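Shared between the two complexes below is chain A, which has chain B as its partner in the first and chain C in the second.
== the complex of A and B ==
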């Protein structure tokens, strides 16, 4: 087990190193280069040369990469030029990270709570109208562009019906106390229940939009997996032994069918980050996703490099954790 | 294998055998009875090839028929677009009805059932002609992604060993960057965004997915008996890869390609939404129309709803078709 974890950790370090190299090369090959990105196209040659020297761009490329890595390890990615001009890019990342984590967490909980039971029910009622309807429904969910769905939800439930807030994470008039950066958790910790409830209301629409694709994926994996397991010999044995339906469903079918679902949930983190870019932009949610969207619009490369690097690292770490969890549940994985 | 055969004849027979024993593949041809017996192949399909049995199941599957119907209709509209479209999609025919302050979007009226956009261009005609560019983006992104994945996957699957390790680590790194973020990063590299930057950006994201898929099924082929037999007979490595392994590995990859077309059309819309789409709107494309409509979305939602609806229906068509193909070709569901 320890060897398995160590091997995966080493692999992860390798991936992160290559990734840093890619982000570094990407920054250097952006149109006009870093200098134009910061100073604009019309800067005087003297100013360009000065900035080039200040950024170390006159050094050989491997020296530049080494400097980039050293600065990255210290969290120095330069100042933002577009998202919040002048402030430190890494600070922007740290401030906005909790918002996206909170939103993604809500979305994945929604997706799991709907996807697993519906997937199980669809498999048990195979080839009925319920099965066909939910399968086609989940496929429609995948076919709708996420940002369009977000617009629809916002237009209908926030602007027309006024049921839920239009944008943001919390009503600024509430003047809630900040502890962790997770607004719902903050509200609960400080017992400001109205603040927590307000944060939840702000989460519902973006989380719904964000949850569609993970829901569709979890639903279909659960359905396929339950269908597979239902035909296994041990389920037939359990049935012929006369075990109650409840025991067969819970212990024999669901527990075995959920193994692939666990991996899928881990793989969804990348998709959640992408979805967050689109939904947060629509709802002006103030998380990482919105920062990335604005950074691309305004070419804020300082913020982009942090976000791309950290998004990829988050994805790799979460999948490492999922793999370890999987190895704990299923010993066969370890020997691979 | 009877020992009386000449070596040349044997090789030929194994070559043919390997090419025909494509169980679990979409391109395996009908299994020839004689060679099947020779190889000790269990005759469970009783002479019915995978394609034939898959087609039998697909013919009666309403989900597949719906998906295929939508796809065929979409392709037909794209081909005959200039003949179907009632107006020139680039002409500002209703430009006098556009009032920048009070009414930027002319509503539906006689001859213009869906109204016009903020340049006075007929929306219905733009949607019909837009199907062309949409199809081009979807198909080109998929073909380029497929070609890239084919190269990497074949390299990894054919050689194994350290080549496999290096290629797959590279693929892992690409997969660790969330897909749209990768696409947007690549699109941002272009000096001037255009239809081609959109296509290349989306294609790049598909490369690691195709590569992984192909490598997986190639590795399974490597371990299979017909490849071992061909190797034992001294068939050249290139012949083994291109005549035995590759054709038998393509099935799942082709199904994936159907699904990728749907994803590419949706991703193109997302790129437009983020301001990295094709800014030149003389050649309309649905994703670009949807992206451009966002500035009016709360006052004139219809402007966004039409292209969005087109994208949803077409993406659904490709998805329904791809999913039912996958199910039909999956040996597990053959009953």
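== the complex of A and C ==
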């Protein structure tokens, strides 16, 4: 197990090196760039040249990359020029990351809490109205663009009904204390219950929007997987042995049916980062997605470099965790 | 302690949670829980305004963007201020000023009894400390962050002979004398720029304010930039970066009329439609730059759309070096006559937009009231093209995508209207577009188009800031006037006008130049001026829209 984890971590280093080069080259091959974004109408050739020189963008690209690698090894990723100019790009990542994690976590929990039980029930009540209804529902969940759903939710629950806030992460009037950057956790830790509740209220709509696709996928995989497992010999054996329904359901059907579901959850969690870009924009939820979108518009190299690399690392780590979870659920994987 | 396998993680988690909880103390101020803060009555003690972007930093000297200035303007003041609702200057930290006969020595009488929040006195020594601090910038700051100083003063201490600013001295405790290298229309108007606000010398020193560094592909700013000290009606309360809000609190020791509302919160909401929804939901009291298409809906819902007097110009730039046909004045005039700008302004631009008669809006001194717009006359355009032998000419005409500017809310629609007009008189338009930050500005700068859409929003009230910016620098300007017969003369005239000390004479000179630009030179086609707006809820009172987008919130109240 340890060797397996070590090997995966080594692979991660390779991924990061290759990706850093690709991102670096890609950003610099885009037309326009940081200098235009900063100067706007004020861009004259002289001002451009001065700014390029000040930013070191007049250097040959391999020199720039080498400088970048040297700094990155020391943990220095440079300053932002567009998202929060002058702030350290890595600090921006650290500040934005908890927001995205909090949102993704809520979304995936929602998706799992709804997707697995519903998927299981649909499979057990195969070809009933319940099954048909939930399958159609999940199809709609996959088909509706996140962006559109986010707008709909916001329109109804925030603007029309005033049940939930329109955007942001917390009411600034609460003047909440910051500890970890996870607003709900912070509220609990500092016993500022109103702040924690307010943060949850801000999470509901974006998390719902973000959860639809993973919910639909998890639901469908669970349903299909349970259907498969229900026909297995060992289930029939268990039934003929006279085991209680509870044991059959829990130990024999659900546990085995969950294997593909766990992989799916892992993949979907990675995919959430993409969905978060859209959702965060709609809800002005100050996470990574929003930062990356703004950074791209303003050609903020430092922030894009850090965020893309860290997102890749997160993706790899999530997959590693999924594999470990797999080993926990399925003993056969462990012995291999 | 022996733990079973299952209990271990639980115990670990519990310990961790307890440890975190132990060091996580609520640090809420006592004031926030008790919401009565004196003002009482029927007005709220907090104004919440939706901003489109985060402030870059809180030292305005290193900023060039409106979002930063919107915040620092509430906290900092300059020697010269701006009369609310206009582009005209008025006394602020200086009560009066006068120039020597040669226009190179400016004496500022300073306001008595002003203190920075840290208790430092505002006096001539403080003024000179600020001026010298701005002048003496390191190489990194010179390259980018100190943008407005570069624009206005031309150079820094390391290149003093090319700088407009020469020195500052304290004649007495409350009189500062600033010397400049040549007379210019920029003085003293440019001192009203937010970048040149007065900040506490003690705090500047303590926070190592000038220590700008290069950090990777960006700039790093010193501690001072997060902890500024000014003289204004508000001071910085808290910048909650994670929650994207900036909170300012009233400066109770302010020298003038104190701010009417105790707290001013800027909530950063990058998405325009979300800002609108927040206003509709009542969670913000106003926001900047509503989409002109929304104005009517916002008004119908009872909100107040505060339209600012236009302080900008939209133009079609022309580059005779890229298309030799454009060297003929008749061709340039033909393009102008071909454009139905009345129609354009009515259909594509916000209410209150006007057809331009010259390259500056009428609020700027030096504006020539006698000029009439080139009328829409497609027949005349055709005959001019014929005379010039340019019938059926092709024109590489470009517009930017992924951008909206106050002078051009929807570039593509404006472009399509103009293109249709040009095609009606037989011009073959080669359509080209690039993203604003994705190569458009670069291509314009490199002279890669025949014609293009661009514009300008003025920084301060001076003709030089408009036509000077466009045409005074003969060596490099977007219009490539160096490739024309009139370019050198125009540049010389602009520089001469800028140096006239007497205001009346100077304005007369600029009016003459504006007439020549429109009638004899026509280096580009001035199209229109569009007023940007703010929108506030019906409960907000006292916000005066400013052509320079220099609104102050100290007189604003929001009723409950």
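Note that in this section the second predicted complex is superposed on the first by the 292 of 336 C-alpha atoms of A that agree within 3 Å, B and C clash if a C-alpha of one lies under 4 Å from a C-alpha of the other, contacts with A are read in each partner's own complex, and residues count from 1 in each chain.
By our rule, a contact is a pair of C-beta atoms (placed from the backbone, for glycine too) under 8 Å apart; a residue touches a chain by one contact, two chains touch by 3 or more.
Every value quoted in this text rests on a predicted model; they were computed, and no experiment measured them.
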{"item": "First (chain B), second (chain C), both or neither touched by A:30", "value": "both"}
{"item": "Partner, of chain C and chain B, that touches more residues belonging to chain A", "value": "C"}
{"item": "First (chain B), second (chain C), both or neither touched by A:247", "value": "neither"}
{"item": "Touched partner set for A:109, first chain B, second chain C, both or neither", "value": "neither"}
{"item": "Partner chain in contact with A:159 - chain B first, chain C second, else both or neither", "value": "both"}
{"item": "Touched partner set for A:312, first chain B, second chain C, both or neither", "value": "first"}
{"item": "Which superposed partner A:297 touches (first chain B, second chain C, both, neither)", "value": "both"}
{"item": "First (chain B), second (chain C), both or neither touched by A:1", "value": "neither"}
{"item": "Chain B versus chain C as contact partner of A:329, first or second or both or neither", "value": "neither"}
{"item": "Partner chain in contact with A:136 - chain B first, chain C second, else both or neither", "value": "first"}
{"item": "Residues of chain A that lie at the interface with chain B and also at the interface with chain C", "value": "30-32, 155, 159, 281, 297, 299"}
{"item": "Residues of chain C touching chain A in the complex", "value": "20-21, 23-29, 32, 46, 48, 54, 56-57, 62, 64, 139-140, 142-144, 147, 150-151, 214-221, 225, 238, 240-245, 247, 265, 267-271, 274, 277-278, 280-281, 283, 402, 405, 434-442, 445, 454-457, 473, 476-477"}
{"item": "Residues of chain A that touch chain B when the two form their complex", "value": "11, 14-15, 18-19, 22, 26, 29-32, 132, 135-136, 139-140, 142-148, 151, 155, 159, 228, 270-271, 273-274, 277-278, 281, 292-293, 296-297, 299, 304, 307-308, 311-312, 315-316"}
{"item": "In the complex, chain A residues that touch chain C", "value": "30-34, 36-48, 50-51, 53-57, 67-68, 71, 76-81, 83-89, 95, 98-99, 154-155, 158-159, 162, 165-181, 183, 186, 189-192, 281-284, 286, 290, 294, 297-302"}
{"item": "List of chain B residues in touch with chain A within their complex", "value": "63, 169-170, 172-173, 175-181, 184-185, 188-191, 262, 266, 269-270, 273-276, 290, 294, 297-298, 301, 304, 308, 311-313, 315-316, 319-320, 323, 332"}
